[in-house]
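Chain IDs A, B, C and D follow the sequence of writing; residue 1 opens each chain.
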Amino acid sequence: MEIAFWILSAITVIGAILAITMRNLVHCVLSLILFFLGIAGHYLLLRADFLFAVQVLIYIGAVAVLILFAIMLTRHVTGTEGPREVLGGKWWAGMGTAVIIAGLLWAIIGKDPLTSILPVGTASTSIAEIGRAFVADWLVPLEAMAVLLTAALIGAVVIALEEVIRKR
Amino acid sequence: MTVSLAHYLMLSAFLFAIGLCGALSRKNAIIVLMGIEIMFNAGILNFVAFWHYKYFASLTAQMFAIFAISIAAAESAIGLALVIAVYRHYQSIDVDEMRSLKG
Amino acid sequence: MNEARYIDELVRQQWLIPFFPLVAAAIQSLLKRPHRKLSATLTIGAMGLSCVFALRAFFATLGSGEHTEVQRAIWNFTWFKFGNTSLDLGLILDPLTAGMAAMVSFVGFWIFVNATGYMHDDENFTRFFCFLSLFAASMLGLVISNNLLLLFMCWELVGLCSYLLIGFWYFKPSAAAAMKKAFITTRIGDVGFFLGILMLYWKTGTLNLYAADGTGALQQAGSLAHLAGWWGLSAASTIAFLLFIGAMGKSAQFPLHVWLPDAMEGPTPVSALIHAATMVAAGVFMVGRMYPLFTAEPGAWVMDFVMWIGCFTAVFSATIAVAQFDIKRVLAYSTCSQLGFMVMALGAGSLPAGQFHLLTHAFFKALLFLGSGCVIIGTHHEQDMRKMGGLKKYMPITFWCYLVGMLALAGVPPFAGFFSKDEVLLATFQRNKYAWGLATFAAFLTAFYMTRQMFMVFAGKWRGGEGDHGHGHHDAHEDHGHGHHGEPHEVPWNMWLPIAVLSVFAIGLGFFSHKFGSYLGVEESEALGGKPIVMGLSIAVGLLGIFFGWVVYGRKTMEHASEPDPLAAMPAGLFTFLNRKWYIDELYEATIFRFTAACATFFRFFDKFVVDGTLHAISWIAWGISQVFLWGGDELFINNGFDSGCESVRSGGKILAKLQSGRVQNYFRVLSLGAAILLLIYFYS
Amino acid sequence: MDQVYKVAPQLLKLLSYLLGWLPWIGKPIAGFLSNPPEWFIWAVAIAVPILFVVAVFPGIFAYTTLVERKALGRIQNRIGPNRVGRWGILQPIADGVKLLTKEDIVPRSSDKFVHFLAPVIAVIPSVLLFAVVPVGAGLVPVDLNIGILFAFAISTASVLALFMGGWASRNKFSLLGAMRAVAQVVSYEVPMVLAAVAVVMAAGSLSTLAIAKAQSGGILNVSHWFVFRPWGFVGFALFTIGAMAESARTPFDIPEAESEIIAGYHTEYSGFKFALFQLGEYLASIAMAGITVTMFLGGYNGPGSGPGVLGGLISMFWFFTKLGGMIVLTIWIRGTWPRVRVDQLMSFAWKVLLPMSIVNIIAVAMWHYITVRYIAWIVTTLWLVLWFVTLSKLAASETIEKREYRYAS
């Protein structure tokens, strides 16, 4: 448990850091995938099997691929940034804020006695339970989610297709 | 040393800060979106950690995490579609160059 | 006991009442344009079915008239569960609901029949009837709901349908503007309504109005009256006040009335259905439905507020109606005015008077609107009263029916309007003499402008043939099949039959006025007296109004459309003032728009001079000091100082402008800085 | 793991019977095996699945290539490999040796690290897939309660390998192949998952073992296979098509269409990296066949299968027989079908397979709620046939004209 946690944490953190620091966009995405995998591993460690599958299926299978496609459609296929500046203007402000927030969060977490507790259960939730919850107690959020996803799908297509429609 | 909730929370805070840093300081819109995804994931990890350590009997956290993941997926689809549309318009996805809404 | 059980059974079938029109709307939304007959049949058939069910429910509640206790049946059920909380919905069957549902479905039925004639030449016939069905469904749903959430949903649906129907001829810019205006104005009221709902939920934890175990929101009104609310009111009164704001928007009460006259841009059956008979009644009905909350705290200013708003609207709209030339606009302002009467009655503490006036008014106002629709069709889409006249000869049936409606509205006995208005005036008299006086004046004006309308439209000689038709009136209706603007003609049977039926009710309904109070289960407050005075004065002002109307318009009817109105001779532009509707629209433009613009100008000024100026000064000083130390030369100092000063103004401006850089990351940075500050606060708290 | 742990003592007992006949060492070994210590059971329990994944399935892969080449030769009226060993039986080994000894060429401008990583990543998910394939009664490496979902989640990762390989090669054909592969895999995954949802609904579990168990019983352990249900048959067809497209087998091999883009994403690969790509592809294909068998063809169920050592062996026999059948089916299809065009591929996935899979889910619901079996049969069949006809009518937007052979007789 402990070793797995530390290994996964290392993977996650390294993946995240690489994802936002590499020059090559595709490398960034690949690091992001590493990060997603690390998070998925954490879910497995936390006994959320279903979330593990969802994480892999959605983030690696869908989101990462989507990002790769977006990169393909918006740059030269090599994906390198070239000689241009990678960091945006006022990057120091962003980094400063991030550091401040990280420090504050750490301080708050360290202060809170609640956070030192250890796990209470061991068995993982059964999928049937989750499924039943979906169609019983959480039906309305589920439907709302369905509507949202449909709207997002249509919206994404419309936004991305805009040019084509105008040409016709 | 056993892994406690605090470990997860600190990890998640750290990841959140990394994502924030990426979202704030990179020029490329896609990387900004990636930073936001990292922040999302950090948040969801928090949910799951709390569920595991405190509210194991309840399904709410898992449900919330699933919904959050779905919303993140929808968000990234829209975001990337926007990036593509912006690229068509400006021939660039540099967030510093997207400023026609300047005051 | 047996009877109560029958009602309990019936309430479970209440959903059928809105169900039929809803299904009709759903089917029609899929119909293609040529299916006109099917569409009309569906709508009218569905409405007829719901009418049957509504009447059955109505007669079931009638038996309770003898008892002092209200016969009320409710049926609550869980709509869906959301995690651990569940949302309940409920249906209700009590006299208030039953009467209202019967009225809406019955009047609606005849309006639909009339609409088949009015919309005969419109190419979007099916769309129109689809909207009408949906509207009827949502209105009926509103009436039968025992739950504020359901009520609110139907309320919004009604608003949506009215938006769609007002803008039915959306290609007319005025209609498009009117639809937006109606939607936005009622939305302002809805904010209050929604706040009221939220507060009710917050305070009582339920949105069901009545519940079998006595935990319904209205059943808790008594305890709410002891909780503190806002603005020096108890919680009950605060909620009532917020709800009343919603009713003000929907029922077109004074500050929010602006949308109703413009809503006349829609087809006339829509005006009849929505803006006279039923939809605007929703606000009054809602106040009636939530009445226990209004009366929970005796002596709160909410009731006076309601009464004065109603009273003012009644007088104010009546004065405007006097100076209008559009036949429908006169009726529209008259509707505003009559709604003011109802609200006033409610504010004066008489639920039966308000609700009864609502019912009778629905009948005769629907009659009047449909009659004006007949007139408009008969005169080939002419709406300007100056270009009418002498229609008595051409359209006798319409004339007689219209006369009934007019007399009812004017409050002449024995027509329905007399009795209900009398009740309203009596209730007001018992509450506040000043309000009563104003209301009586409004009643006088009502009689006057209705007489004016009658004479302008039906008396004299036909003035339509003269002059140019190309401009000068609002009628930009699409090319219709009539071809030429000939003589007016009588309308087909499917248009006059509804008004004939409605006129029967406009005559006869008044005789039930004394039973209505006990039907609703409210004891009559006869003890306060004043009935003979009020009744006598009411008759007197009605007749006086008609007499004045005859004096001004009847003795010498208009000869030409271009002739000025006799009243225009009134002093100092009063007529124009009224004709321009007290300049309310202009007032809104002058105040709210100007205010916004002024704020914008001010902030621009502030930005330019104060902020930039400060920066300028600071940089100038800094630069000056450095210059002194560096060179100390006068010429250099002056010349460069000036240039650099200008430069620093510019750069100062730039620094500020950078805050509005349009760069999303900057906004994000500020956002996260804010988050950091919040975290800091959390950390040290 | 748990199931194997239970089966392991029985396997050991069987081994002890078999080895007991050996002279000298037979007796002591049999004695040891018939009463094994705890750690040994654990070791066996861990070793057996690993053995399967590491040895059996790659073995199957090796001989699949041979069978494929022979069968294709047969279909195309030639002999196929016949030089190395009798019937060319050692051909896979020769292939392996050849590929291992070939020069490993890395294009100069390529992204070296990603180029290296791609084939490795291609193999990992394929191997992981076998973790949830039950090869016999109770014999599954890991009985995850998210079994099927795990398989899908893992198989999406294979997209990444294709993409990485194609992108890192800095070759436009590779990149085209990679783009095609990604679009294809992502599109076909959707109907595939939905087809699996139908089965999951019927079995009431995501665990592959439970799904297989749900198909046992009936006449000869056969009649309860899901493929013998209207929805199961449709699901089987959908899933097989999806699986074929997902592992880029002909007729869905447009990511590596030789006649168009040389070899697609692995144009720039040679030697052992190329072999790894092939290995990954075939292993994924075999694993998908195994999952198809588990979900629709009754898994390990067959006449005589069941618990116990003998039943377990028989169930393994049935599983591998069906697996072989599925492999032969894919080879057969490969040999006889032309490659589809990219637009046909996409419109087929989104306009036919996806609606059909959703319709199929509804069919399962009908099947569940209509308790009278024969009515359920009629209603479900009618429903599916109706939709199938409608969708195929809608999909056939262009009328295909009969081709005139002007120069050939």
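Keep this in mind: a contact is a pair of C-beta atoms (placed from the backbone, for glycine too) under 8 Å apart; a residue touches a chain by one contact, two chains touch by 3 or more.
What you are looking at is a predicted structure, and each value in this text was computed from that prediction instead of being measured.
The count of contacting C-beta pairs peaks for the chain pair A-B. Inter-chain spacing, taken between the CA centroids of chain A and chain C, is 49 Å. Centroids of chain A and chain B (each the mean of its C-alpha atoms) stand 6 Å apart.
Chain B and chain D have CA centres that are 35 Å apart. With touch defined as above, residues shared between interfaces to two or more other chains in chain B number as follows: 20, 23-24, 95-96.
Residue positions of chain C touching 2 or more other chains, listed in rising order: 83, 663, 665, 669, 672.
In chain D, no residue touches two or more other chains. Those chain pairs judged to touch are A-B, A-C, A-D, B-C. The residues of chain B lying in touch with chain A in their complex are 1-11, 13-28, 30-31, 33-35, 37-38, 41, 44-45, 48-49, 51-54, 56-57, 59, 62-63, 65-67, 69-78, 80-85, 87-88, 93-96. Within the complex formed with chain D, the residues of chain A that make contact are 24, 26-27, 30, 33, 49-50, 52-54, 56-57, 60-62, 64-65, 68-69, 72, 77-79, 124, 126-128.
By the touch rule above, chain C contacts chain A in their complex via residues 80-84, 663, 665-666, 669, 672-673, 675-676, 679-680, 682-683.
Looking at the complex, you find that chain A touches chain B at residues 1-2, 5, 9, 12-13, 16-17, 19-21, 25, 28-29, 32, 35-36, 39, 42-43, 46-48, 50-51, 54-55, 58-59, 62-63, 66-67, 69-71, 73-75, 81, 84-95, 97-99, 101-102, 105-106, 109-110, 114-121, 125, 129-130, 133-134, 138, 141, 145, 148-149, 152-153, 155-157, 159-160, 162-163.
Against chain B, in their complex, chain C makes its touches with residues 83, 657, 659-665, 668-669, 672.
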